[in-house]
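For clarity, chains are labelled A, B, C, D and E in written order, and residue numbers in each chain start from 1.
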Amino acid sequence: MADAVFLALAVITIGSAIAALELRSLIYGSIALMGTLGGIAGFFFLLDAPFVALFQLAVYVGSIAVLILFTVMLVKRELIFKKIEDKRRKFAGIGLMLVIMVSLGAVFLDSGIKTITTDEPAPNFRDIGIDFVTYYWPALILMGLLLAGSVTGALVLAKREDVENDQRAS
Amino acid sequence: MTSELVDFTLVSVALLGIGIYGLAVKRNFIRMLFAVEIIINAANLNMVAFGRFLPHSGGQTMALFSIAIAAAEVAVGLSLIIVAYRMYQNVDIADFRSLKG
Amino acid sequence: MIEITSTPLVLIAILGTVGILLPIISIARKEQGSNSFYAVIAFAALIVSMGYVGYQFYAENIASSALFSEDVIVDDAFGGFFAIAMLIVAVFTTVGSFNYMRKHNSPAVYYSLILLATIGMVLVAYSTDLIMLFVAWELMSIPTYILVGYMKKNPSSNEAALKYFLFGALSSAIIVYGISISYGLTGSTNIGEVIQGYSTLDPSLLPLALLSVGMFIAGFGFKMGLVPFHQWLPDTYEGAPPTITALLAAATKKAGFAATIRIVVLGMVVLNLDWTLALGIIAVMTMTIGNVAAIMQKSISRMLAYSSIAHAGYILIGLAVAPHSSLGLQGSLYQIMNHAVMKGAAFIAIVGIVTTLGVTHIDKLKGLGRRMPITALGMIIALFALAGVPPLSGFWSKLMLFGSALDASSALWWAPWLAIAGVLNSALSLAYYGWITRKMYFEGETEKRVVEPKSVIAVMIFSTIFLVGFGVYPEPLIKFVEFATPVISLGLMP
Amino acid sequence: MATEAFGLPFEVGTLSAWLVWILPFAAAMIIPGVGKLSKHATGYVAVAFALMSALSAATMIPVALEAHELHHQIMWIEALGLKGGVLADPLSIIMANVVGWISFLIMIYSTGYMKGDKDITRFWFWMMFFIGSMQLIVLSDNLLQVFFGWEGVGLASYALISFWYRDKKKDHVGVEGRTVLGMLDYYAPTHAGMKAFIMTKVGDVMMIAGMLLIFLFAGTFGFKELMGDTDWATAMAAQGLLVPAFVLLFGGAVGKSAQFPLNEWLLEAMTGPTAVSALIHAATMVKAGVFLVARIGPLVFALSAAGIMADQFFEIIAWVGAITALLLATQGMVNNEIKKVLAYSTGSQIGYMMMALGIAGLSHQYVDGYTAGFFHLISHAMFKASLFMAAGSLLHIVGSRFMSDMGGLRKQMKKTYAFMWAAGLGLMGAPFITTGFWSKDAIFAAVYTSGNEWAMPLYIIAVLTAVITAFYTTRMIGLVFFGKKSKHIEKMEEEGHHIHEAPMSMWIPYGILAVLTIGIGLIGLSAEEGLHHMFTDYLEHSFGIHSEHVANEASILPEFLQGLNPVALGSSLVAFATGIGLGYIFYIGRWVDPVKFVNSNIFFYSIHKVILNRWYLNAIIYWCFVVAPLWLARGVFRYFEKTAIDYGMNDGVQKAVGWSAKVVQGTQTGVSQSYLFVFGAGLLFVVLILLI
Amino acid sequence: MEYALLQAVFLPLLLSPVAYIIGRKVGPTPAMWFTFAILLYTTILVINAALSGTVEEHYPWTEMFGEFGFLLDGLASPFAIIIYVLSTILALYSKPYMIHKFHEQFEEEQKITTSSSGQSSVIESSSLTNYVNAKSGLYFALYLVFAMGMLGTVLSTNLIEFYIFFEVMLIPGFFLVALWGDGPRRKIGLMFLFWTHAGAVVLLLGFLMIGLTLGSFDFADIKESEIPADIAMYSAVAISIGLGVKLAVFMFHIWLPYVHGSAPTPISALLSPAMIGIGAYGLFRLIVEFLPMTFADLAIWFHIWGLVTMIYGGAMALMQDDLKRMLAYSSISQMGYILFGIGSISVLGLAGAEMMYVTHAIGKGILFMMAGIIIVKVGTRSISKLGGLAGKMPITAVCAVIGALTIMGVPPTSGFMGEWILFFGALETAIEEGSTLRAVTFGLGLVATALTMSYMLWMLKRVFFGKTPEHLEHVKEGSWYMTAPMMVLAGFSIVVGIYPDIFLKTIIPYMNGVLGV
């Protein structure tokens, strides 16, 4: 049962990842990306991490993907469907991808990790909270600074200065 | 648990490969952003999977940080795209090649 | 338990507060504040931070060398050392921006981002936890993505930012991936525990451990500009505003090294493998490609960008031989400090040139020695220091680096070749430093003098005093480096 | 001995020995200063110092007559423990006197000859420098100091040969446009000076090698020290280095004395002022080689007496001398330039001396050959100096160096004519009345009686050379003073020049020497015996070379010639007669036209041509040691230095670096995809390195 | 005197800004006299110290790399004296030459300005004066630093210190060549910088190997310790290559003809005699003294290398038409002699090599000054365009002949004293070892002296003798600033030639000590 779910999730995740990159339309691509992100969330559920899974759904599928979608819609229509690729580069890329997959996969398969199984209960999300306030709290401060900085920065960048100047002038 | 740790890692490796493929091949900046997100998610999957099998709460904590940072990154990346789009009316990164040599 | 007076926390407090406050002030003042107003605030914050670090050193509150800690950060000399190096560069950047930012909008956010990025860099060096390190890393990276693209009307700036962003995003993803594997193998994100875990690792898991290290090298290597992760670097350095290039080249790069030393070197020692060869090969490739490509460049920023790739190669020598020679890391740290000042000064000189003359093309620098004598002199001194010409400070660090390679020759057969490659490269590098010198001093005799920006002059004077002073009498700096360098030996345990 | 007569720490004679060479150097030092004040004064200063030097030399004569020797040393190079000093033994005292007085006479001659030359100060400087250096050679007590003098005279010779450095046409030697094997046989003064300096340097190089070898084993350069303890020679002989070392030392003498095969420089040395030719290239400097052999010869002979055989050394000397004597004498027969004829003659005569000194070592009676050689040196110094000065007068008056531009001058220049005959007879060895006869006869006798296996061939060469000598001397006098006036002279007279006798300051010196040639010749035999006696004592005393006094068998000769070897005497007479007779037929009586005679027969013609072309020796030397090396150097310069080194390492490195820079920059395409691809591949690469 | 050597080294450095200011504000003559005074004072300090035997000074520096010290012993004192004496008198010589050069460059620049602006502007004399003042200030400042760098190298007591000074002399040299050289001066300046720096860094590798193996960079420690044979060999090879570049021995001589040919003549006259010979000093100090066993192995290669250099340099000198280039090749050849002497591995051979440094400095100094006078007074440096100058400039001609004789090694000049001692040393070893190879090299070495003589005499003949071309009819003798230094050196050459104890007295005991005789 679990295996079937796992397989289904794997297919969805990987398949939609490929689709996100290969679909002609960017809009469908972003929707496919949502599929991937959702698939990952599914995995999180499977791994008994519902808190992270929900966070994933909220932040990723909810906000990031939507943000991307809006951006996609901002750009011109023809750009959304434009998909020029160098064939040679594409094949090389596929080659690289396969080599990475095979070699890293071989490393994983070959290593002792294969035998690791666990019957212990999954970590409680309370532990996460305790971790945050007792151990990771400086990282949290930084996280705050990081978000503040990136938001102000992104705003400054995205601000249309000409419009602004016009307004100011008027 | 019937699915083993290694299965999750293999999915993660596959996603990593796809992500790198996407970065190396795709020309549309937005699609490249997709690829980055795919890699980050692969890493997150890894972390949570490892955290589950250790078992240890750190994996999930890390995944949370990672998701948040990815969000910030995406925000910045998109703002850069917007600037670029305003300037060039284009998001094809392969056309952005005035700096070279 | 982290004390509230520990340096990293105080730095976060000072710089973070100011960093957050700056945009708020700006909004409160309806974006009317002049550039210098914010610059002065940022400058003050940085100076105060530096003063605090200095005070901590002076009061001997800081433990020597890198320690592992139960906590996510540790207040050690290693971090302090990097903090000083990066704060110097941040000050350079701020001072250099006095004039440069006059023509541009939104100065408040600009300085705020510089301060935030500075926190990130400093905290990378102080971190003892992988997550902390990663967050700090991102705090360093994301503001710089924005800063590189800060010139919104300038296509190069944007292009540079896009490339930088792509690589940055990819490499952070790779780092996270690496962290995830190392976490999976050891069950902890604390570096000390990770290393301990590695030392008792089941042999069957070793390939995975190495995989994680490879990902760290790649991820941090992006920032350090190691070949083959370097290709974004010249483009970005060329396109970015020169003040930010100074920050990138002189400071964020060093954060990469700080992280590498903390994780890769310290961690890898326990794996007890011939892993140093990888770093050795990368070191040779990096310096060679950097130096070769720097020759015949037309833009001075780009030339210096390649030069900083080459310097990453030199620094990597020290890391590669670290387990076998105590000089290795000392040399690296020393070079990091020197490179921060030298490269910082060189790019700030470019800032001066760009603000007054508006050119970066080397052919247009003809007669700079006459047009901007102080800037030119400061730049030449920085360049010669980069080339490792005595009696400038850059010489000593190269000396220690090459020395460490030779020192390790009894343990590593290939180590002397690192030294030879380094030496030949540093001879080669003189070709393009000499080329700039030639353009600035021996051509265009008829140029007239122009007014140089005072802020740039200040930086030049500082860097000249630093480079010449520590070149002639390097003892204090060597002592400092020795104090800050973690002692590494095989079988080291946290 | 008047030891410490003046409160000096050494004998008065020793002081003279120092002064003899220091005075000329002192003069050389002050002459440029004097020259600034007055150019005329320089001549007087020079003559005065030359006289003082000669007088100093004369004061030492008593020492020589007692066969005593003065040796005084001072510390020179303390770091190496080398001492410098003077050694005044009979050999050096006589030589010093010969040099001193002849140079004094030539200095007087020069005041006339060089009158009005605007570079006169330089002339006097170098002349005095030369005398000082020459006397330094003579009086030094060690080889190193000798070498100082040796190079000093070489330097002076160089400077004086190219004295007229402006290379005017009249100062050249050789015939303009004439080539031998493609080499121009026409030399400018500056070229000649260079040639002389470099060619003698080849000898000097050998000499220094020899010196250093000896120093290596003996640890000293001093002649006295070398003689004192001969262990070094045993050690050297054991390694087979003794003879090579001395032969190398002799190499220096070969160079300086213009012996075969380093003889060619002497001819071009004639570009110098004639006074210089007389002093340096006839009377003194070229004798330095002979002197050196005379200095070291007894040493070697003494060693061979002590059982260390060094016969080859003497054989080489004898043969080099003999070959030179013949080779150069033949060339004297055909040359048209009067100074060159004299120069050939000089080389040839020095060959005689060498032969004598060489054969001495091969015979039992070392002193015979030794005396003969040295006696010939003295007599040659007199008559050759005289001849040169006379020739200088001719040049001075006629204004041409070619004998074909002279002719029939015996009326106008009576004194010169007479003195030239006198000196010329000395050169020819006119029987019984000239010093040349006695000294040459002594050489013949020494060769003949040596009892060596090579004695016969050497003897034949000697006699043949004597014939030729007599012939070319006669030819020279005949061409210059007999026959018709040449076109050149006629032209001069048409232009109003009056051919007249040389001024007094010029003819007196060579007059004195010519008279001395005859004068001493009259008492020649006793002079020779005195010398013989002196040297016997000297060799006995200083080197322990015993000479058994062989009681003369009563010979068929008249009483006053008792003691001469009849065979030698006979051949000497025959040679003289044949030579002068042939010369008379061709050039004085002019019964046969020499040109027609030579052209009459392909055999004579070819011989004439070979001889006229200097046996092709000069051309070959030029081809091998000037043209070929220059050609080689040019080749190396063009095809190695310019290409491999210069282009290869400067431009090549630059280009290679530039090219690789281009390649590396080419990979930086600006396309992010490529970068990212490389990043991915790099990641893989790093992982693989780590895993492998 | 306390701190004598410290003063001698650092006074010129510290006062060089003063020289700059004097030059700028007052003019070239005061700057020249100021420079001269400093150098004279420091020269006296050095000579005074040398007279009192071995002098050593030590100052604290770094813990890791050892002390900062100065040592004036039998080896260093001839080098030190020659360097400073030459620097001192060349300061005088510099003035007229450099003023000539500044004028030339000023006119050149004026031409550029006028041609670029398209209108003729009147050259104001005040601007010329300002130009000359500014340039001469800079020149003398660099000059002082250059001199100080050379002295510092020779006096160092620490490998790193040695290296630092070794490079310090390079930088002012580079600027001097690139600013006031002839021909493509910028390119040549860079070439100089590049090649000698490349050599220097190889040298540094050797230093590091020694220093790290022993854990100390101080000469005193190195001398006392045993270095493992393989390390010693590697480092010796690196050091010889590094110093070989400085010495410009065969195959590493690429830069020298260009640089010496192009540098302003007073600098050529310092570069060629004083600076490149420091390579020889390095060989003595670092290889002969510190790595005696390795030296014994390498000696024969030095010997042969020296011989090849000697002959090659001489042959190339024959081919030159440019006077200064010819002298440059001659310097290469002379460095071959020195290397030859070092390779002889005997007391006298080594002593002779050091004497060769002294005598080459004197002789080549004179000859370069001669070339400078010709450049200033005649305006050409092509030998084929010269001739018969002896009558026009007698003092120069006489001094040049003495200089040439010194190079040729003709007594009574100092050259002979160097040469015979040198060759004796070579012969000694050849005989003692019974080595045919060494005997042959000895012989060829002697033959090379004839080659030296040939090119020198030929040069003299073509420059000073022969017919005077018409365009040289109005040539005059150089000024006293230029001739007096030559005469001093010429006199010095003869004094040393007759009384070589001046230097040999200190050299021989040192060499005895080094070779353990």
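Everything that follows uses one rule, which is that a contact is a pair of C-beta atoms (placed from the backbone, for glycine too) under 8 Å apart; a residue touches a chain by one contact, two chains touch by 3 or more.
Computed from a predicted model, the values in this text were never measured in an experiment.
Asker: When you check each chain against subunit C and subunit D, which touch both of them?
Answerer: Shared contacts of subunit C and subunit D: A, B, E.
Asker: Looking at mean CA positions, which chain is nearest the middle of everything shown?
Answerer: E
Asker: Which chain is most remote from subunit A in terms of Cα centres?
Answerer: D
Asker: When contacts are scored as defined above, which chain pair ends up with more C-beta pairs, A-D or A-C?
Answerer: Answer to which pair has more contacts is A-C.
Asker: Between subunit B and subunit E, what distance separates the C-alpha centroids? Give it in angstrom.
Answerer: 64
Asker: Please tell me the distance, in whole Å, between the geometric centres of subunit D and subunit E computed from their C-alpha atoms.
Answerer: 38
Asker: Between subunit B and subunit C, what is the separation of their C-alpha centroids in Å?
Answerer: 26
Asker: From the mean C-alpha coordinate of subunit A to that of subunit E, what's the distance rounded to whole Å?
Answerer: So the centre of subunit A lies 69 Å away from the centre of subunit E.
Asker: Provide the list of subunit A residues touching at least two other chains, using ranges where the numbers run on.
Answerer: Each of 89, 92-93, 96, 100, 104, 107-108, 113, 136, 139, 143, 146, 150, 153-154, 157 in subunit A touches at least two other chains.
Asker: Which subunit C residues touch at least two other chains?
Answerer: As it turns out, subunit C has residues touching two or more other chains at 131, 135, 138, 142, 145-146, 149, 152, 162-163, 166, 170, 174, 184, 207, 211, 234-235, 297, 431.
Asker: Touching two or more other chains, which residues of subunit D qualify?
Answerer: Residues 665, 668, 670, 672-673, 676-677, 679-681, 683, 687, 691.
Asker: So, with touch as defined above, which chain pairs make the list?
Answerer: Between chains, contact exists in these pairs: A-B, A-C, A-D, B-C, B-D, C-D, C-E, D-E.
Asker: Would you pull the subunit C residues touching subunit A in the complex into a rising list?
Answerer: On the subunit C side, the touching residues are 2, 8-9, 12, 16, 19-20, 23, 71-73, 105-106, 109, 112-113, 116-117, 119-120, 123, 129, 131-132, 135-136, 138-139, 142-143, 145-147, 149-150, 152, 184, 202, 204-208, 211.
Asker: Any idea which subunit B residues touch subunit D in the complex?
Answerer: 20, 23-27, 32, 93-94, 96-101
Asker: Help me check something: in the complex, which residues belonging to subunit A touch subunit C?
Answerer: Interface residues on subunit A, with respect to subunit C: 104, 107-108, 110-113, 135-136, 138-139, 141-143, 145-146, 148-150, 152-154, 156-157, 159, 161.
Asker: In their shared complex, at which residues does subunit B touch subunit C?
Answerer: Contacts found on subunit B: 5, 12, 16, 19-20, 23, 29, 32-33, 36, 39-40, 42-44, 46-47, 49-51, 53-54, 56, 58-59, 61-62, 65-66, 69, 72-73, 76-77, 79-81, 83-84, 87-88, 93, 96-101.
Asker: Which bits of subunit A are touching subunit B when the two form their complex?
Answerer: 1-3, 6, 10, 13-14, 17-18, 20-21, 26, 29-30, 33, 36-37, 40, 43-44, 46-49, 51-52, 55-56, 59-60, 63-64, 67-68, 71-72, 74-76, 79, 82-85, 89-90, 92-94, 96-98, 100-101, 104-105, 108-109, 113-114, 116-125, 127-128, 131-132, 136, 139, 143, 146-147, 150-151, 153-155, 157-158, 160
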